[in-house]
Structure formats: C-alpha cells, structure tokens
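Please find the structures below.
Here chain A shows up in two complexes: once beside chain B, once beside chain C.
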Partner chain A sequence: MSWFFRNRSVNLIVLVVSFLLVFLPYFFNVPGLYWFSGKLMTIAAVTTAFAIVVAVYSQYRRSFRIINARRKGWPFHVYLLLLMLVTLFFGLAFGTNCVGYRWLLMAVVTPLSSVIYGILAFYMASAGARAFRARSLNAVLLLVAGFIVLFYQAPLTGAVFPAIIPVATYLNNTFAMAVSRVFAISVCVGATVLGVRMLTGRELSFLGFVEEE
Partner chain B sequence: MGEEKGFDVFKRMATYDKRWIYVLLFILVLAPLLSPIGMPISVSDWTKDYYDKVNALKEGDIVLDSWDMEYSGYMELKPGVLASHRMFIEKGVKLCITLNHPEGLAIPAEVFGPLKSVMDQYDYTYGDDYIILGYVLPNEAAVASMATDFHGAVSVDWNGESIAGTFLDNIKDGGDFVMVASYTTGIVSGAIIRHFGQTFGIPIVRNAIGVMISAQTAYLDAGVIDALLGSTRGGAELEYLIHAPGPGLKSMDAFTLGHYMLIIFIIIGNIGHLGWKKRAEYRESTGIR
Partner chain C sequence: MAALFEISGFVSGRFVGFVLVALIFVLTYYYMGRKKAPYLRRVAALDAIEEAIGRSTEMGKPVVCSYGIGGFDYWTLAGLSILSYVADICARTDTRLIVPTGGGHESYMVREQAVDLVKTRYLIAGKPEMFNEDDMPFLSGEQYAYTPGYVGLLVRERPGAVIMTGSHYSEAMNITEMANGVEAFTITAGCYTGNMAALACASDYIMLGEEQPAAGAYLSKDPQQLASIRVQDIYKFIEIALIILGLIAINLGSDVINRLMIT
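This part shows the complex of A and B:
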C-alpha cells in the first residue's frame, strides 16, 4: 500500500483535486461544493494543528543532542525541556484555564516575551542612528526623507509644527507606498507562479519528492 | 581612512560607543514614564477615520474581534486595544474574540481587567455581550474554515462551554459579522482580508504594529481595509479622541524624546563622518599626519 502514497502521480492528483475543490467555489455557485470546500478547509486546519506534535518531538530530539554533547548553552535546553514538560502536563491534564498553566503563562512566557520585544528598541535605535550616514547622494536623499518622517513620527512635532504633516504624508503616500505595492505585487506574482508550478508537477519538493539532478 | 595621531573629535563623533545610545534611550524612556511631562500631540486623519468607523457601530452589532498578536506585540498595541474595547463596551457592541497565538491566552485578563469598571457600568457581561473563542485562528486554513462555516469550525468557547444559544447563533458564515476589528502583528492579517474582507465585503478596521504600517498603508489606500490605527501612537490618539487617557498618552512623552534623541545621534554621527572624511582627504593630499 505504501507505493500508492509514495507515487508521484497520486500525490499530484490529490493536490489538484484539493485545489479545485477550494478554488472553484470562489467563482462558480455549485450547490454542495461550497459546503464541501468549507469542510475540507476545516480538516486542513485541524490537521495542521497536529504539526505541533512533530514540533515538540523535534525540539526534544534536538535539545537532547545538545545536552548530551554538553554544547554551549546546554543548561538553557534543560530549562526549555523542563518548562515544555510542565506546560504540557498542566495543559493536557487540567486544561489551559488551570492555575498552573496560567501561572506559567503569566510568570514565564509573558515577561520573557515582553522583554525580548522591549530590547529590540535599543538595537533598532542603535542601528538606525549609526546606519544613517551621508556616504553618497542616494544616502543623502534617504537621510533627508528619514529625517522628515522621524520628526513627523515624534508625537510633539505635529502639534507644534503642523507644516511637517503634509510633507511626511506625501513621502509616505508616494515613495513608501509605491515600494510597498511593488513588494506586495511581487509576492502575489511569486505565489501564483509557485502555485502553477506545484499544480503542474514541476515543484513537488514540498511533498517530499526531491528533484532529480 | 588614513592613520592619524592624537584626539580627533570628528572620529569620536562618527564612531561613538553604541552603549551611549542604550543608556540615554533608557533614561529618556523611563523618566517621562515615571514623571509624565504631558507634551501635546497631533491626531492623524487615520485615527479620526478609525474613530468614526467604530463610533458608527450600533448596539447589538456583532463584530469579529481578531486578536492577531502574541503577548509581546500586545505591549505595542495595548493603548489601541484598550481604547477600542472601551468604545465597543460603551456602544454595546457584541464581540466574538479570537486568539491567534498561544500567548494570546494571557491577553484577555490584561484587557478586561483594566476595563472592569466600564463593563460594570454598562452591564457588559461574558456570554451575553462578548465571547472568547480561544486559540482558534492559527493559520489561513482556520480563517477560511471559520469564514465559510462558522459553527462547523467552532462549537465551544475557550472554557470548553458550548456557544449554542448565545448571540453567535446569528452567525452562519463570515458575511454575518458587521465588522472585523483586527489587532495584528501579522499572524493571519492577510488571511483575514482575503476570507472576510474580500469574500464577504466585511469592513475591516485594524490596529497594526509599527513595522507593518507601510504595507498596510497600501491596503488602506486601495480600500481593502477601512481604517488603520498606527501602532502605539494611533492608540494614544484614540485615547485622546475618546477622552480616556491610558497607557498610550502616558508613553507619548517617551516616544517624542526617544525620536528626538535618535535624530540628534544621527546628526552627530553625520557631522563626525563628514569631518573625519574631510580630514582624512586633507591628510592624504598633504601628507601631514
């Protein structure tokens, strides 16, 4: 039976059929198809949730290797595995609303998460201050635009010097937005191309089929 | 740049120790938080639009309230989340809250705790006026599933209680929501647009973190999203508009001082860079060290 699931054509057919079941209801009102498409997406969402099991397994395997080899930072991996184990225990045994799980969330996860985010401000400020150097004409233009936007972003500036608002808004609504759109459109075109390649069987590495040299 | 002897002020300015930035930023953020100055701020048109859109909601309207953020991101969006939810509560809007990140489980207490007095004042209660569905929108498939068949995707709230018999009985698919309020660090922000905004034409108002603003501006300009609250500053402006000072307005002094400090360091660095470069060129041309 395993040959069936490992067969390239079978995988491709499943892929194309699944795609059509989800894709077509957006364009054609076929009775029942919309409902079936919804069910298929629910199944996909639930199946994806199982990936967490694989993630937990992979993390344990990786951390055990580091701990066994006493590689740099191995005590942190002990701490990580311990917390994962305790969190799993409380979550699976008593649910996510129990005191133990909530305590772990509020006493460990949230402070660490906030601190990591807060530290970013220092790195960003330092990088911003040292990277903005007028080394060329392009850099000067970037510097001038950056200056105007930075001044505008400071909440006080707009209140005491309103003339800066239209200038900063112009920069945001023209240059910045144009670049954003280029980026967004490029991502969409890239995704479409990738989708077509996947559906035509030219890109199947995501299914575990390695391209032959 | 060429070798030089002695103290060079320009070199010092161009290559200052980054720890100066850390120390000064720390002081400039901490000082106004401990002792607020109360500097004036301007209110952007974006925030006014956001306020108008939320203010136009009627009592009993059901809003999909997508908390698309981890706890760290919540720290940045906190002012906007608190001010928006104060408005929702005061207007009697019914909220269907989704948590899109496992850390999101810690956020409800942080939001509804500070708003308890407002909730008591307006008799705003769990089950009747708002329901938290829990961690139900981790990815695009889940968003698409909920938008297509709401009760097929979700049947219980985050406590494991059935949602049957609540105001969510009126929701069959994504088209039954009056609005989507999205507080996002980008987990499923695109999927929300595709499966609620584009498929059903549901208005989307959004509070996004700073690094997402330039990308979201394009969506706002194209009418894909209806209103945008920019990061902490947008939240502070909303606090100002609803006359409910909170963490946003409190942090604006630190924002202003932090930005000005950054500008000063950029100026110092550039003066140093140009001066050092000029001296190096002079030394190269004259041979004088």
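This part shows the complex of A and C:
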C-alpha cells in the first residue's frame, strides 16, 4: 500500500484537490464548496490529533533509549517521562479542568514559559550590542533610531522624556511601517509563485521527491 | 466602502483579487514553459549552506537544521525544501544531521513529513543506515518548552552549523544567540517582522522576504523553476504601480483604487 502513497502523481493529485477545496470557496459563492472545505479542515484536525500520539511515542522511545544507555542527562529524561505520565493521568482521568491538571499548567508550564520569554530581552540586548556599532553614517542613523524606539518602549520614558514619543511614533509609523509592507508584499508574491511551482509539480522537494526519481 | 466590481458568483469584493492571483498563475506557467533561466542575484544565505555543512564536516561536528514551528503554511513548505537540500548534502558527506521538531500545536503533522523526507534523502544517497530517527527529536508541542529543548541540544551537541528556516517566531532569538554562543555557523530565515532586525544582528547569514519561498527553486538550479522567480519581479512592478496610482488618486479626491483593491 505504501507504494501508492509514495507515488508522485497521487501526491500531486491530493495537493491540487486540497488546494482547490480551500482556494475556490474564498473567491466563489458556491455553497456546496464550503461543505467540502469544512470537511477537509476536519480531516486535517483529526490527522493532527493522531500525529500527536506518534510524536509522544517518539519522545518516549527516545527518552527510554537515553535512560537505558545511561547517557549524559538521563535523569532529566526520567523527570520528563514522569511529568508526561502525571499530566496524562490527570488529563485523561479527571479532565483538563481538574485541580491537578490546572496546577501543572498554571504553576509549572506558564511560569517556565514566561521565564523563557523574559530571557529573550537579554539575548536581543547581546545581539544588539554586537551588531550596533557606529562604524559608518548608516550605522549611526540605525543606532540613533534604535535607541529612540527602544527608550520609547520603556514604561518610564513617556514620563521622563515626553518629547521622545512623537519621534518614536513617527519612526514606527513611517519607516518601520513602509519596510514591513514591502516585506509583506514580497513574501505574498513569493509564496504564491511557490504555490504555482508546487501545484504544477515542479517543486516537490518538500514531499521528498527529487529529479532522479 | 463598496467594491468597484461586484460580479455575480464571486464573493463580494474578491473579483479583482481573483484576477490578480489568476494572472500570477498564468505568468508563472508561461515563464516556466520558456525554460530560459533569468539572471538572478546571488542569495548569500543560500549559497552559504554548503559552506556551513562543509565546515561542520571538517570539524567533525553535527549540523542542526530546523524547519519552523508552524503547520503546513508556505514558510514551513519552504523550510522543508531547504531541509531536503541540507539532508542530501549531509547524507553525501557523512555528516550527522539533527532536526529538532515540534514547537507548535500544528507541528505534529509536519514532523511526520519531515522524518519521511530526511529518511528518503538518506535512502536516495544510498546510506539508509545513517538515518537515525533519534536525531529528529520531538521536543514539545509548546513553543516555550521547545525553545529550551532546542537551546539545550545546542549546548550538548555543539554543532558546527545551525540552519534555522521556516516559521520561527520569538524563540528564534534565543536559539540564534545560543548558536552564536557555541560558535556555530548560523544561517536563519526571518518570517516574523518583529524580530527580523534582531535576527539579522545575531546570524551569520539571513534570508529575508521572498528569498525563503524562492529557496527551493534557487537551490534546484532547474531553469524552469528559476524562470518562475521572474514573475515575482513583474508582480512587484504591478504593485508599485498600483501604490503610486492609489497615492495620486487619493490626493485628487478619488477612492477608485481603494475600491478596486478592497476585499
């Protein structure tokens, strides 16, 4: 059966049909198409749900191998597996609104996620410190604009230096906006052309097909 | 504001959009049929991929390549095309390839596709025994659990190159700075305007804007695929013309271009 799903033409037909089921209802008023489009979304959601099981199995298998071989950091994998089991137990036995599951989410996952997000500031500062060096006039302009926008984002700046607000707003609403629009246009056009290459079967490397096949 | 054209059978205001998309299809198909590769400027980040893998091979270090944390959107598909190219070179040069997967609720399905893709590249290269699924770990379905997992992997494995493509968002900075910290050659792709500037500072090479969607065609060196990139330039000229026309019209007190483009 696998030969059927590995067939280039079969993959291409599935790709084109899926595309049409999503593309046509966006532009055309044909009620029947909405039904097909909705069904396709449901199929995608169900497939994703099954893929979660495969992903969790993969994580378990990898962790077991590391624990069995007593590779470096194996106790962390024991901890990981235990937490996965505890979360699964609470979620499956008592539902996602039970105290245990909510506690794991609110007291463990959310604070840890916030920490990782908070650390981002330091990474950005270190990258900025390395790159923003006033070596030329262009670099000076970038540096000054960067500092103005950075200070504007700090909560106290508005109170201490109110004059910085209109300058930063101007930089954001003109230069930054223009650049982001250019970026959006070029990406949209690039993505559409990529879509045409895929639909015509020219670029199927993302499915693992290459010219030699 | 009412749309300029209301055609029966079309969703309100989407007729012009359909014509513009249909035009892209026709033009791309036409240029691909000409089989004449146009002049393309060099994309430094894509040219550097081979160099980055070569550096890792010489140093005896692995290559880390990720395709983003999103679902099956165009960023991910472009990321998978680049992963396919990287896997091919790694298989041919006997370089260990590590692909961290996960990071988002829609990433589960993409992971299976990525595993199959890398496995296929090793098979084609005649080295199926080199493929190790443990080198494609599923880190987490949560973005900020995936991030420390990725960063930890970089610290433990100390790769020679980190190639981060597809849709990476705020976690991209943590990963790129840590890649820099372990002295890895860093190639990234910016898909999120909010962190693109910072990402450019932190990376050795970065792909911007349309460079990533065009990567598959650029790396394939196939004249037909390369020819399709010409359409992007034509379309940019059409959009610039529409912007200028819109500016003139709005200053003359007419909203005709706004109504033409409204959806």
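Keep in mind that, in the parts below, the second predicted complex is superposed on the first by the 172 of 213 C-alpha atoms of A that agree within 3 Å, B and C clash if a C-alpha of one lies under 4 Å from a C-alpha of the other, contacts with A are read in each partner's own complex, and residues count from 1 in each chain.
Note that in this section a residue touches a chain if its C-beta (ideal position, glycine included) is under 8 Å from a C-beta of that chain, and two chains touch if they have at least 3 such contacts.
Predicted model, so just to flag it, every value in this text is computed and none were measured.
Undergrad: Considering only the touch criterion stated at the top, classify A:170 as touching first (chain B), second (chain C), both, or neither.
TA: It touches nothing on chain B or chain C.
Undergrad: Examine A:153 and indicate which partner it touches, taking first as chain B and second as chain C; both and neither are also allowed.
TA: So A:153 only meets chain B here.
Undergrad: Identify the partner contact of A:39: answer first if only chain B is touched, second if only chain C is, both if each is, neither if none is.
TA: In the superposition, A:39 contacts chain B only.
Undergrad: In the superposed arrangement, does A:73 touch chain B (first), chain C (second), both or neither?
TA: second
Undergrad: Regarding the shared-chain residue A:89, is it in contact with chain B (first), chain C (second), both, or neither?
TA: After superposing on A, A:89 lies clear of both chain B and chain C.
Undergrad: Touch test for A:55: chain B only (first), chain C only (second), both, or neither?
TA: second
Undergrad: Please work out whether A:64 is in contact with chain B alone, chain C alone, both, or neither, and reply first, second, both or neither.
TA: Neither: A:64 stays clear of chain B and chain C.
Undergrad: Where does A:194 make contact in the superposed view: on chain B (first), on chain C (second), on both, or on neither?
TA: second
Undergrad: Going by the contact rule set out at the top, does A:19 touch chain B (first), chain C (second), both, or neither?
TA: Neither partner.
Undergrad: Starting from the residues of chain A touching chain B, keep only those that also touch chain C in the other complex, and list them.
TA: Shared contact residues on chain A: 26, 44, 48, 109, 113-114, 116-117, 126, 128, 130, 132, 179-180, 183-184.
Undergrad: What residues on chain C touch chain A, complex-wise?
TA: 9-11, 14-15, 17-18, 21, 24-25, 28-29, 32, 71, 74, 77-78, 80-81, 84-85, 88, 101-102, 105-106, 108-109, 111-113, 116-117, 120-121, 124, 133-134, 137-138, 141-145, 147-148, 156, 170-171, 173-174, 176-178, 180, 191, 193, 195-196, 198, 200-202, 208-214, 216-217, 220, 222, 224-225, 228-229, 231-232, 235-236, 239
Undergrad: If you look only at chain A, which of its residues touch chain C in the complex?
TA: 26-30, 44, 47-48, 51-52, 54-56, 58-59, 61-62, 65, 72-73, 109, 112-114, 116-117, 119-120, 123-124, 126-128, 130-132, 179-180, 182-187, 189-198, 200, 202-203, 205-208, 210-213
Undergrad: Can you list the chain B residues touching chain A in their complex?
TA: 18, 21-22, 25-26, 29, 39-42, 44, 70-73, 75-76, 103, 105-106, 134, 138-139, 141-142, 144-145, 148-149, 152-153, 158-160, 199, 214-215, 217-218, 221, 233, 236, 252, 255-256, 258-263, 265-266, 269-270, 273-274
Undergrad: What part of chain A is in contact with chain B in the complex they form?
TA: Of all residues in chain A, those touching chain B are 22, 26, 34-35, 37-39, 41-42, 44-45, 48-49, 95-97, 102, 105-106, 109-110, 113-114, 116-118, 121-122, 125-126, 128-130, 132-135, 143, 146-147, 150-151, 153-160, 162, 165, 172-173, 176-177, 179-181, 183-184.
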